[in-house]
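Each chain carries a letter (A, B and C) given by its place in the written order, and its residues are counted from 1.
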Amino acid sequence: MKMDFSFKPAQISTERALALKAEIELFNAQYCATLDRGNIEDWPLFFVQDALYRVTSRENSDLNLPVGLVYAEGRDMMHDRAVAIARTQMYAPRYMLHLVTNVRVIDEAINGDIEAEANFMLMQTLVEGPSTVHLVGNYFDTFTRVDGKLLIKERQVIFDTAILANDLVFPV
Amino acid sequence: MKMDFSFKPAQISTERALALKAEIELFNAQYCATLDRGNIEDWPLFFVQDALYRVTSRENSDLNLPVGLVYAEGRDMMHDRAVAIARTQMYAPRYMLHLVTNVRVIDEAINGDIEAEANFMLMQTLVEGPSTVHLVGNYFDTFTRVDGKLLIKERQVIFDTAILANDLVFPV
Amino acid sequence: MKMDFSFKPAQISTERALALKAEIELFNAQYCATLDRGNIEDWPLFFVQDALYRVTSRENSDLNLPVGLVYAEGRDMMHDRAVAIARTQMYAPRYMLHLVTNVRVIDEAINGDIEAEANFMLMQTLVEGPSTVHLVGNYFDTFTRVDGKLLIKERQVIFDTAILANDLVFPV
């Protein structure tokens, strides 16, 4: 499991990094569109079977604290969480919109795994209300290739914004 | 006229989708720069002669209501609207800044038309004031190619943010 | 020194513009990650030795006033400023996050210099607080190539947001 997200200069060629960057951008755009449309039950399909998904505050991440706001290991656990969220109707209806920028490819391993990062902003709009910043932060990802297509092996979401600990957290 | 924006997996190759994605990103960057610089009279030039441009709230769009906040069919109607906006000085001076992200290419038809989507955030800054979120939402586009260059055949702007119905709406 | 940022249609091929756009996006992503991680002392390494860096309000820029909020000529001056900021502990700890979008390549000169623009949003999060918009605006850049890699020859940051004149300004 990846424990070190410190900046490493890419060992791959610029040409290769740019090709992977475009592919990851498209992947993230489809991932976010699925969430923003509310198709939360399709969300686990962007991960490999035994993937790791974790959402942690930047403060805890900087302190190397293993406490995550959300932790899911494997598609099944993600699916359970996704279904729970999709069926919960206790909160006011709202629209979510992800903006993902600044994708950078860190490295590509011999086995084809790709380490990449991105910045994101998650906007929230309560019905009949203004749009407000819900969360900003980074994706720290490891992608792998299955049948030629990218899937997430590990997505660590580190967010800057302070949020309430008991806030229901939509997938980011 | 396009009535269904539901997610469809792209029928085109990943390679082709990535090439079109980059081209559309550049197109959108130029489109937005033209608006943000206040060159509103040049705005219709990004569309084909009989293009459709519509701005609708996500709520109305979800309900399939044909009510749009802005509706323009054809460059002439866009030009009239653009000129009206450019000459209206009733509102306080402000700067607009578009941030477009998450471009995804849905499909490319045999005739070369391209169906694509994007997320946008439109920031507004009143002179001497802070920058605030004016509008966030999606572009649902059909591009076509004229003399090798992309032009918009149809741009449906669906925004999440609730705004005042009588708010003067700049092109998005 | 560049004095005119008016829009000029690109003289280079679309293919070349798209290749440069991707390269600049990756450059900006690394530039911003360095700042957002707080590695401010590495910031001058993204510039050539005698580069120009300036931060100006859009209001002053529109009036062609030479008054900049920040002005640094050469890596040494940038380094001094960077060190001063890094060592100043008078302000509350905060996280910064840059979102860079809408990169557009304007032109590539015979000598390889590239003129490009981008939009940015700089988010600020005070520890235990919400994330707020600190600054939005444009980069107006000239890049040059050293040993095959891009470096900044000139970066003019024009921001829309009104900010306090005596606010300590982090590199943008």
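To be clear about the criterion, a contact is a pair of C-beta atoms (placed from the backbone, for glycine too) under 8 Å apart; a residue touches a chain by one contact, two chains touch by 3 or more.
Quick caveat: nothing in here was measured; it's all calculated off a predicted structure.
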Contact graph of the chains (line, ring, star, complete, other): complete
Superposition of chain A upon chain B: rotation angle, C-alpha, nearest 5 degrees: 120
Interface sides of chain A and chain C: same vs different residues, half threshold: different
Rounded Å distance between chain A and chain C, as computed from the means of their C-alpha atoms: 27
Residues of chain B engaged with two or more neighbouring chains: 22, 99, 101, 121, 133
Complex contacts: residues of chain A adjacent to chain B: 19, 22-23, 25-26, 28-30, 32-34, 36-37, 39, 95, 97-101, 121, 123, 125, 127-133, 149
List of chain C residues in touch with chain B within their complex: 7, 14, 17-18, 21-22, 58-59, 99, 101-105, 117, 119, 121, 133, 135-138, 160-162
